[in-house]
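Structure record follows, encoded as structure tokens.
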Amino acid sequence: MSMLSNQRLLRTVDALAEACSQEMARDDSVFLFGLDVDDHKAIQGSTAGLLEKFGPDRIFGTPLSEDAMTGVAVGAAMAGMRPIHVHIRMDFVLLAMNQLINMGAKAHYMYNGQIQVPMVVRCTIGRSWGQGAQHSQALHSMLMHVPGLKVVAPTNAYDAKGLMIAAIRDNNPVIIMEHRLLCNAEAYVPEDLYEVEIGKARIMSQGDDITILGVSHMAIESMRAAKFLKEEGISAEVIDPVSLRPLDMETIGNSVQKTGKLLVVDNGWLNCGLSAEVLASIAEQGLTGPDGQPVQVARMGFADTTCPTVRCLEDHFYPNGRTIAAKAYQMVKAQPTATWLPPEGVQPEIQEFKGPF
Amino acid sequence: MSMLSNQRLLRTVDALAEACSQEMARDDSVFLFGLDVDDHKAIQGSTAGLLEKFGPDRIFGTPLSEDAMTGVAVGAAMAGMRPIHVHIRMDFVLLAMNQLINMGAKAHYMYNGQIQVPMVVRCTIGRSWGQGAQHSQALHSMLMHVPGLKVVAPTNAYDAKGLMIAAIRDNNPVIIMEHRLLCNAEAYVPEDLYEVEIGKARIMSQGDDITILGVSHMAIESMRAAKFLKEEGISAEVIDPVSLRPLDMETIGNSVQKTGKLLVVDNGWLNCGLSAEVLASIAEQGLTGPDGQPVQVARMGFADTTCPTVRCLEDHFYPNGRTIAAKAYQMVKAQPTATWLPPEGVQPEIQEFKGPF
Amino acid sequence: MTQPELVQSLYQTMHLVRRFEEKLVELYPSDKIKSPIHLSIGQEAVAAAVCAPLNQDDIISNTYRCHATHIAKGGNLNAMMAELYGKATGCAGGKAGSMHLVEIESGILGASAVVGTTIPVAAGYALALKNEAKKTGEQRVVTAMFGDGSTEEGCFAETINFAVLHKLPILFVCENNEMAIHNPIERRQAISIQERVKPYGMPMGHVTSGDVFEMHDEVTRLTESVRAGNGPAFIEIETHRWLEHVGPNNDDDAPYRNPADLKKWKENDQVARLAEMLGTEKTAEINAHVEELVAESVTFAEQSAFPTKEELYTHVYA
Amino acid sequence: MTQPELVQSLYQTMHLVRRFEEKLVELYPSDKIKSPIHLSIGQEAVAAAVCAPLNQDDIISNTYRCHATHIAKGGNLNAMMAELYGKATGCAGGKAGSMHLVEIESGILGASAVVGTTIPVAAGYALALKNEAKKTGEQRVVTAMFGDGSTEEGCFAETINFAVLHKLPILFVCENNEMAIHNPIERRQAISIQERVKPYGMPMGHVTSGDVFEMHDEVTRLTESVRAGNGPAFIEIETHRWLEHVGPNNDDDAPYRNPADLKKWKENDQVARLAEMLGTEKTAEINAHVEELVAESVTFAEQSAFPTKEELYTHVYA
């Protein structure tokens, strides 16, 4: 992360609120709307203070009408405004697919550049405390499938602010996928306005033995895995893709050519997902490791099931630092049946998380 | 295709209508509904005769309400009926994503097996005659992403009938993806009731030099490519996956171990798509060809753009027999820049197709 | 049912709902229930009234705020509590939790946490029951529960139209607590639900009094109309949520609350009212029984095992 | 505008639409236009009336059946015909075709082939214009065109509610030809559109006569109400599609047709009526001009080049 002045430790939600507030002050075509954005809970605090500062014309709650409200965002964007539409869970975006994909993603192309759709869709992936089948989905892979859309997934407060600003200024529909467990995570965030480039991955920790690409919350779990692996003398390079579409295959490709091994850990299902895309792209390019051998690849992600509610099943639904480390260990040691598992570690954002929501 | 008695040459749409008719006669819990299913055009003829035979209680048009009508299908299925819900274009399924994914795909799991959702969703991919951005999408990859759904894509009348019957009898939501250009293609179809197994691919033509996996209409184009390649002395094994989720990776894997080369030609976008999944799966398994080298892989599909309306751009949006052959040629000859292109061929289903719809 | 029997029956249901949920309030800080809970405390009368005219094989379709109707429709209390604990003995083996309670043998169609989704699903079930009645001659009915907020989703309008068009055997019940999370209805809806629905010509009811007997009479009248084959009916029942939207706490002083409303509704508490009507002796008897049921459900839940990890992979496909 | 001027202006617009589309009917068998065309022959009066009170910088939002309003709103005829041919000079360079016509400098927001999608999009545009007016003091208006079928989509109900709630400067125009493809309205809608919309309290109109002057007066009244800041208005205009749903042909004897209806509407043809009002001389003058415009558009389209293949990759992202 580049060094900018006036850094403060901020929670991700505060960084998001700050980004919106600064952009709304800078550009009066920006407005923010969605269910519950203007209540006292303020979407975990991520919209806090905006109503007081900008009034109900520029931040307002809506009826429960995700489909039409997405259309309203599309239309307002076509007219030159810069709407930010907020969903408190990504699962509800399934109600907005028609507008997002049939209109939002296509208008600029279909109308041959005459119209732009500079809109932002914020949505949060739920997890823990029994979010269950319908409040825990991460649908980025579906959205990544569609030309015309951009998708980003900040995993820390710094990126959250910089991506939010970049997304607002982008002239295309940008989906910002947040993660409920990361809402309160703190990072140093500059006071100034800055953009985090959409389309650039970030190397979170350098390493030589294996590349681990961790998406959204799995970037955090991958860092945990890297720590476990270090104790075994394995040096993992952890990459946070930050931007999912466009995806920075160059950074990933460079890393795997150095390590010769790639483990993609998606915060989502595998089938036809981001992890498939990355593995396919590496294979298609025929990338090789330092030994000249093809890069060895593997992927992890949500179990190929619906998400169960009870914690003891949920624990097996998601990869975690230990299972990621174990998989990486097998790959590095070239022992596919090795059963080494790191000791139980702490996952404060999970262990400390208590709903009710 | 197995040999059953009483084969007749039937169009795909006639085969679909026959399958529905026979299943509706056999099982009175089956019903068929959707926009325009009961008019004189009868969804290109694929629902012809049903109204006369089964009356308006079991085949009926609906209001323009894709979201709720999908919910109605889910609910009726939960109650033990076997609805077939028809969309004349797959693009409209984007309006049904919430019901399909949040309810249809999850109910059986979320309710721990207490409830089943034996429903069928038929939808047609449009192409040609300026179907354009919003009438040409193939969204199978999005649906394949979701545990709980099944997705099949018949490319001939035989499979259309057999898959329709299998889908009706399946106790899960099954999406049948048809292709507008294949509606009138004829094949021999048994009079009897038979199922085509969901989850089994079909080898369309045997070959040793390269495996070409062609999805939906691209199975036809891949067969054309194989013909071109044959004239160059290249023997391509063409596989039609038939079923997309579950996907028969075993048949594909066996083939690539024989040929050492795989070209996936999807009838859809590449990014996070079926083609990515197949390549990832091959790479993950570390499959090798007869020479012990890793399988060489590549993929083709829709251009990474919205679909344009005018034919001259559309022609470049889709792969075709010639471009597929050219790509396969490069792979087999190990000349990535080889510029061989087969002569112009006939694509009667495209050249003869005249809308208006 | 005689009037005293009705009073007793409604009281027992309401009190059971109340006590079950008060038990949840008590248990929740122990973190044994790890799932969002949307309580119906204050709204029990609706569930009791709505379920009163239903047979076991009639169907109720629920939202995530489903404890009250789950109990009122006759859901097994032990399996319900076990589900909230995420136990293998839960009504969905721990996979559902509070937001997706289900018990098909009691006619309880699975609940959904996506607002509005169950409305067309309920209509689809009703379509099947209309079909069934042609063979059996007996019309089972579907009661579709939903909040005021659901009526803003497009699928509500789509479903109402379809149900009227097909004369489906469904009673739409809008449980109007005038809130969607913290967002008051007047900031979400341009006109009243009554005005919007009236033109469809369904038999309609609108209970604003909070009076459980009025609810009961109206629901009974409309359910019987549905059962008689007259097609769908619609009722809106005004009520008030006493606790926070999700979770076990009061949020009396949250800015979205109007304290006068809360006070008015608490003074209009139907549980207390019916207890008084029944007299201390009868009430004590019922209460004792209710306490046993609730206590038993907790014991059952506590003593049950969690599902084994293999369960993660069961029932993905049927 | 004086009454004679109005007659002339409405006639010219309607006749231009009619002749442009008749030219398409003639051209279509040549296969030069390779895209589904949804013609408005028989419905021209609606477009002429709706666009009459609009300024160039007002916005019209269209469905796939968009030729008539594209012309009436002042869309460039050459660029329009070129678009139907798929030429680089088309209003969207061949990427749009008939179903997605667009010309933002004439206030024509791109059309959509997914029924209902443009309704909330139009409302979003109106939200922006409401905002703009706070700064400029001038209220531009959005006219949202849609068919009777669109009103069954959930987003219609969602949008109406939102528009009324936010007092958006939008005129909703339901062009009711009583058909969605071949499906008559009474088999799709349980109650009339008027009944459904009336409760929202918007200024409303309902023109059943087919009379272009009545349409014009009603649309003008409502557009001015919207422009004056009174919030949304709604008008339903009954009309009849003379040709098949999509394509250039008659389908008079298709089973879904009621020949009496078609006959009645053809006898009520506003193009013929206004021609008569204008007299042969004036009509001939206008007609000659129209023929020139149409012929010129064909020549322009024919002589224009197709886009180069690089165009496939332009404008994916802005």
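Note that the chains are named A, B, C and D in the order they appear, and that numbering of residues resets to 1 at the start of each chain.
Note that a residue touches a chain if its C-beta (ideal position, glycine included) is under 8 Å from a C-beta of that chain, and two chains touch if they have at least 3 such contacts.
Since the structure is predicted, the reported quantities are computational estimates derived from the model, not experimental observations.
Chains touching both chain A and chain B: C, D.
At the far end from chain B, in terms of centres built from Cα atoms, lies C. In terms of their C-alpha centroids, the spacing between chain B and chain D amounts to 36 Å.
Taking each chain's centre as the mean of its C-alpha atoms, chain A lies 42 Å from chain D. Our note on geometry: chain C versus chain D, Cα centroid distance of 46 Å, whole angstroms. Shared interface positions of chain B, defined as residues touching 2 or more other chains, are 62-63, 65, 67-68, 91-92, 95, 98, 102, 109-110, 132-134, 147-148, 304-306, 308.
Across the assembly, chain D contributes residues 95-96, 100, 112, 114, 152-155, 158, 161-162, 165, 187-189, 316 that each touch 2 or more other chains. In terms of which chains touch, the assembly is arranged so that all chains touch all other chains. Of all residues in chain B, those touching chain D in their complex are 35-36, 39-41, 61-68, 91-92, 95, 128-135, 303-306, 308-313, 316-317, 354-357. By the touch rule above, chain A contacts chain D in their complex via residues 57, 62-63, 65, 67-81, 83, 98-99, 102-103, 107-118, 147-148, 150, 171-172. Only residues 67, 91-92, 94-95, 97-98, 101-102, 105-106, 109-110, 132-134, 137, 141-142, 144-148, 245, 269, 271-284, 286, 294, 296-299, 304-306, 308 of chain B touch chain A when the two sit together in their complex. Chain contact summary for the complex, chain D toward chain B: residues 28, 31, 34-37, 86-87, 94-100, 112-116, 149-150, 152-154, 180-183, 187-189, 246-248, 254-256, 306-307, 309, 311-313, 316. Of all residues in chain D, only 59, 91-93, 95-96, 100, 102-104, 109-110, 112, 114, 117, 119-129, 131-132, 154-155, 158-159, 161-162, 165, 314-318 touch chain A in the complex they form.
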